[in-house]
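To keep things clear, I will list the structure first and then write my remarks on it.
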Amino acid sequence: MENPYLPYPVRIDDIVVETEDRNLRTFKLVFLNPQDEDKFAYRAGQFAELSIAGRGEIPIGIASSPVEKGFLKFTINRAGVVTSHLHQMKSGDIMGVRGPLGNWYPWDVLEGKNILIVGGGFAFTTLRSSIIYMLHPQNRSKFGEISVVYGARTPGMLLYKDELIEWEKRDDINMHITVDATDDPDWKYNVGFVPPITEQKAPQGDDNSFAIVCGPPIMIKFTQPVLEKLGYTHDHIIMSLENRMKCGIGMCGRCGIGKELVCKDGPVFTLSEINKTPREY
Amino acid sequence: MKIVKVDKKDWTDGLAKLYRTYRLFGPVKEGAFHCFRELAEGDRPDFEFQNTRLSAKGIIYPQSEDMFVYTLDESREDHHILKEAPKDDTPRAVLGIRPCDAKAVSLLKLNFDTPDYKDPYWLDRYNATTLVGLACDQPCGTCFCTSTGCGPYHEEGLDLLMTDAGDHYLIKLLSAKGERLAQSAGWDGEIDGLAVMENRKKAAEAKITQSIATDNLRAADTLALHQADFWEEISFACINCGTCTYVCPTCWCFDIQDEVHGKNGKRVRNWDSCMFPIFTVHTTGHNPRDTKLQRVRQRFMHKLKYFVDKYETGIMCVGCGRCVQHCPVNIDIRRVCELMNSHAASDACAAEG
Amino acid sequence: MIKYSDSIREISERLLKECRVDMVIGFRRGTVPMMNEPCFAKTPEEVQAFVWDSNCGINLANYLTDRKEKIGIVAKGCDSRNIVTHIIENKIKREQLVVIGVPCKGMIDKHNIAARFGGEILDVAEESDQIIVKGHDFEETLAKEDVLQENCRLCIHRNPVIYDELAGELVDEQQDVDRYEEVRRIEAMATDDKWAYFDDLLKNCIRCYACRNACPLCYCPTCFVDESKPQWVGKSQDPIDIRTFHFLRAFHCAGRCTDCGACQRACPVGINMRVFTKKLEKDCLDLFGWEAGLSLESRPPLDFYRPDDPDDFIK
């Protein structure tokens, strides 16, 4: 019987410090056994359990996109026991990856639709995966208009800065990058919190539009009324939840909200599905 | 279903034969209570008990078990790579498990054996285990199995069902595993015992004095139950220990921990409890259930509502009564179920739903 | 005991009617033999549920920690000493409390009684000094003094040390009680025998933490067994971790424990972990002349330093 708790061994290939406070790093991981990469076929929106022998495991959204071959990327915040150890690791070190886990953004439903992506802080990881997937030449024509509102506290706290700038230049995606505040005179983009920028810049919602929202609880709290005002109905607002996890495969019982398990029935839910659950997240 | 008769004077003989093929587990008296222990050759299980203090859950699902081992010694080629820990899944038989505990094993299987993922630790051990049930002719005063979809002669989850008929046992063979075990033991004296067992079953069921009502739970509105006003009163006495979850045969939550000694490490699975305050705490410190009321509510909502909705096979309780007997502050699931079921029938629920 | 129930109800009703408290914490009748359930009353009508008998071994001071309301609390001798400790340790303010003192002659030991009978106990009734135990096929009368909880048998502080109301008349304190006979017996064991004794004592521990959670003293926001940065104790069934939990918890309670017995009563597998706390209680008495919870004016010995503190155990 296959053991779903056994991680695939991977090697850290590259580490990029993403933010000016050095608390977020993107790890590029390569499978030790090439055939494991085929087994790890994933879709944008899923997560994986990163395993460090001697420390434990952490559930992290996959930041790389299925169209990017040969590696996986995860952007991780230094917060606790496992992540602190991970941040001290170097290229060449061995760790493990378990997955792909969870469900994904509903790509079949999103085909032919206009997509609005709203992201805040370091919740942007699976959104990167999604944007790269949609912009890929083989996929772009499957989707309508793509708009992105992404904000962080300051310019130095934005993730994937080089890629954001590249996307901003493209004409097949409308980027609205914003920061809460900055004293950088060369800052070319928006200044303001994500909810008001969304209200000003995002397109109207209708039957043909979906919004994917990922961010800290406070951002979501104030973005939701804006989206409603723009006309996005609750079953067209897609969110990715977080919760404390251990097994990641729906067995340890820890990540449950009502009868849903965030690791297995989620982490992607529509707002109407979330409204049916008790407020315990 | 074949029924065999085994004279009690032949019992130890059968055990000796079984011992050649199976590791044997049975109830053993320790101090004031019975518990399941592995039996050495020649040991007899002690059937003079109503139920064991801890359930038989720990035989298939130990409280602590090693999942993986690894070395952190970087001079070794396989450093930091996890390998499955050695396991013993040789055939074993549990003698004298009560029907409530056996049905609980089937409920646990719903969690560990799913279409998407299978837990090899639990499932391999389950597949290697034959459950020899002992029907309850003297249920406890706290038992309420008959109203949970179970009963003192319930067969779900069992491979064989024994009943003590004085100078002999009547044993009903319920599965292929059961037939193989009966064959190993040399239990082949087939007898037409169906009527006798039926009568004994009815007599035992009549002795169950406690019951709970669950008929309104399936249709109840989840959020209305969740917001009900009785949770404060129910949860007040709770001290958030793990007693109820650990003695319960149907509770399955676990924790995974890495433990390192020098350069060697292992990944271990331990029972965990939704009652513990840190069960759901995020690394950021945010805790979706950081009050006692939320945790107590979660346990009963899970057992009596979320599980009902998710699996549509009744409640996640077999009426064994252990939590009622052992809760240090006498929180009683029978009371809670009554409050939930009545609330579910009331206008409060109807209005929301 | 019936008289106590009546007076507790009367006092509680009066306190709620006069709005001197927002809630009263007491016991209501349990649903299984030898158990009563801690509960609260917030209206005068709800006090009718309150009962008091010899099954009130749970320490209600446990329910005061960090509460903000004005609370009427039913407290026997040991509970009241924990209330004193709570006040000293800033877990509750004196002004918040109306202590309904209950002079106590001891609680019966449910583990002890259960162990005496082969079958299930269906009912336990109390008639003055007698305990009548009924099962399916037996009925026996025991003398209450023979089945008291061990800590009650040794108790020399049966009257509440702090109270605003009394539910009954003060009782005589027990005299000439040798509180540390069991401790001395274990102290006298050879090292190997002691190891074996403790291992046997703890062999059934399932790390449910009922003992810790029933104890009013254990209120750390993050208990040392739950700490992860750094992790002090493993979470598996390794005997080393089980011993560490029990020994270290006892030390954290040293100088504060009132031997209320709530820990042992709560344990679902009947472990007598009081041997550890009793040893430390004896040490505090011998080394510092200290008994916990007797006065609001003094701080526990492990809480402050005196130049003449004994230090001959430092080698």
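Read from first to last, the chains carry the letters A, B and C; within each, the first residue is number 1.
We take it that a residue touches a chain if its C-beta (ideal position, glycine included) is under 8 Å from a C-beta of that chain, and two chains touch if they have at least 3 such contacts.
Everything quoted here is computed from the prediction, not taken from an experiment.
Each chain gets a centre from its C-alpha atoms; the one nearest the centre of all protein C-alpha atoms is B. Compared on C-beta pairs in contact, A-C and A-B come out with A-B as the pair having more. Among the remaining chains, A is positioned farthest from chain B, on the basis of C-alpha centroids.
Averaging Cα coordinates per chain places chain B and chain C 32 Å apart.
Averaging Cα coordinates per chain places chain A and chain C 51 Å apart.
If you average the Cα atoms of chain A and of chain B, the two centres end up 39 Å apart. Within chain B, the positions touching two or more other chains are listed as 255, 257.
Chain contacts: chain A has residues 80 touching two or more partner chains.
Note for the complex: chain B touches chain A at residues 67-68, 70, 72, 79-82, 84, 111-112, 114, 116-120, 123-124, 222-223, 226, 252-258, 260, 265, 267, 272, 274, 279-284, 288-289, 294, 298, 301-302, 305-307, 309-310. Interface residues of chain C, counted against chain B in their complex, comprise 30-32, 35-40, 58, 62-63, 111, 114-115, 118-120, 122, 136, 204, 206-210, 212-214, 222, 226, 234-238, 265-270. Remark: chain B residues 30-33, 48, 50, 53-54, 63-64, 138, 140-142, 233, 236-237, 239-243, 246-247, 255, 257, 259, 268, 270, 273, 276-278, 324-326, 328-332, 334-335 touch chain C in the complex. Within the complex, the chain C residues that touch chain A are 228-229, 231. Considering their complex, residues 80-81 of chain A touch chain C.
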